[in-house]
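Comments concern the structure below.
Each chain gets a letter, A, B, C and D, in the order it is written, and its residues are counted from 1.
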Amino acid sequence: MSLKLVFLGRLADAAQAPERAVETVPSIASLLAGLEPDLSAMLGAEKIKIAVNGKIVVDRAVFTLRDGDEVAFLPPVSGG
Amino acid sequence: MSLKLVFLGRLADAAQAPERAVETVPSIASLLAGLEPDLSAMLGAEKIKIAVNGKIVVDRAVFTLRDGDEVAFLPPVSGG
Amino acid sequence: MAADVRLFSAPFEPGLEVDRFAAANPDAGGIAAFIGKVRPSGGVEALELTHYEPLTLPGMEALAREVESRWDVSGVLILHRSGLMEPGEPIVLVAAAARHRRDAIEAVDFAMDHLKSDSWFWKREKRADGWHWIEPREQDFADLERWN
Amino acid sequence: MAADVRLFSAPFEPGLEVDRFAAANPDAGGIAAFIGKVRPSGGVEALELTHYEPLTLPGMEALAREVESRWDVSGVLILHRSGLMEPGEPIVLVAAAARHRRDAIEAVDFAMDHLKSDSWFWKREKRADGWHWIEPREQDFADLERWN
């Protein structure tokens, strides 16, 4: 009964791993609340986009997570 | 004792050959006057550029031809 | 042919791909292409591009469709590397085939601007003092505004 | 490397040339290229390009120097066919290597505009009813005005 978290770019450094499994929780707010405070603050920033199962979450306040979901945290992409 | 004339593009059709040797004359005006009238009129048009020995002639009225010169007649180049 | 969009995890050969793309678009009079390589300048020893599979390829395919809808092109090619690369290796090849040169060139320019800003790649460079993440550049946003 | 300007009387391979050009410009982050081919459309069976040797190559070399003086490019490639060509064969390849993409793309665009209008090539097409000389196009003059 878990969620798969994916950390992209520099977020992988902050999370100390590119992926992590956590216990399933119903909302993104409660997911963030269960993480280390520094990481939680970083992931909750407005410029960090969140994708669930490959789709960008438009309104993260009302989004409902389900068991087995893949939740990806996407920082701004790099310029060239 | 001759000049080598070179006809580019459609001028080669009009002259019925890509090249022709003619007796040396001192000026471009006399060169043109010695050719068939239709060809002469075509070659004398302002849009036809003239190169002597690989250099474009800037003022054809005062240019002096010398024995052995290569005189090229260059119509507007093709787009495409 | 329609769009040809591919991700590579190993080096690809831009010239070969351009020739194949030209052959696949026999009716186009012109092929415009842009090849981006890992720059050897600035003490960069290696470059790593990370992407997020569920978003990267669909994003590139959507960009190719956008290019096809905006310009009169007969084909669009978007090839992108990921993984670890050395200086001089190609990162990206974008090409467009069109009847008219201006369409082909503008389509490539547009695709490159959006590829760099819209697609899901994260880049870090290895220098003498270790790995550094690369942030978005101001210039990229300026480039994008040209199309709005 | 500096400018690489060549005339071909037989087919050349654009992809191979682009790869060699990229390798010859290791410091450039980007290579922009344009390949012009003989269009198969409009019932064209063959194309013949005539040039005037004493003017053609010096003209192309002068254009390459002009491109190098206008843009921050590390190399310019201008390859041009002459003689009899069949539909699909490459006629021209122009490429520019630069640190920045916009320089490379604009350099290629500029070179193509001027190559078509300034260089000494005469073109005729073979159709079912015989050979036809191609006149300058209005569009070429409009393209040139962008740079003045």
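Everything that follows uses one rule, which is that contacts are C-beta pairs under 8 Å (C-beta built on N, C-alpha and C of every residue); 3 or more make two chains touch, one makes a residue touch a chain.
Remember, predicted model here, so these are calculated numbers, not experimental data.
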Exercise. So which chain is farthest from subunit C, going by the mean of the CA atoms in each chain?
Worked result: B
Problem set entry | Averaged-CA centre spacing for the pair subunit D and subunit A, given as whole angstrom | 50
Seminar exercise, completed: Rounded to the nearest Å, the gap between Cα centres of subunit A and subunit C is 27
Exercise. Which residue numbers or ranges of subunit C touch two or more of the other chains?
Worked result: 36
For this session: Could you list which residues of subunit A touch at least two other chains?
Result: 80
For this session: Report the complete set of touching chain pairs.
Result: A-C, B-D, C-D
Seminar exercise, completed: Touching subunit A in the complex, subunit C uses residues 36, 50, 52, 54-55, 58, 116-124, 133-137, 139-140
Seminar exercise, completed: So, in the complex, the side of subunit A touching subunit C is made of residues 6, 8-10, 12-13, 51, 53-54, 56, 70, 72, 74-80
Exercise. In the complex formed with subunit C, which residues of subunit D make contact?
Worked result: 13-19, 22-23, 26-41, 87-88, 90, 99, 101-102, 104-105, 108-109, 112, 143
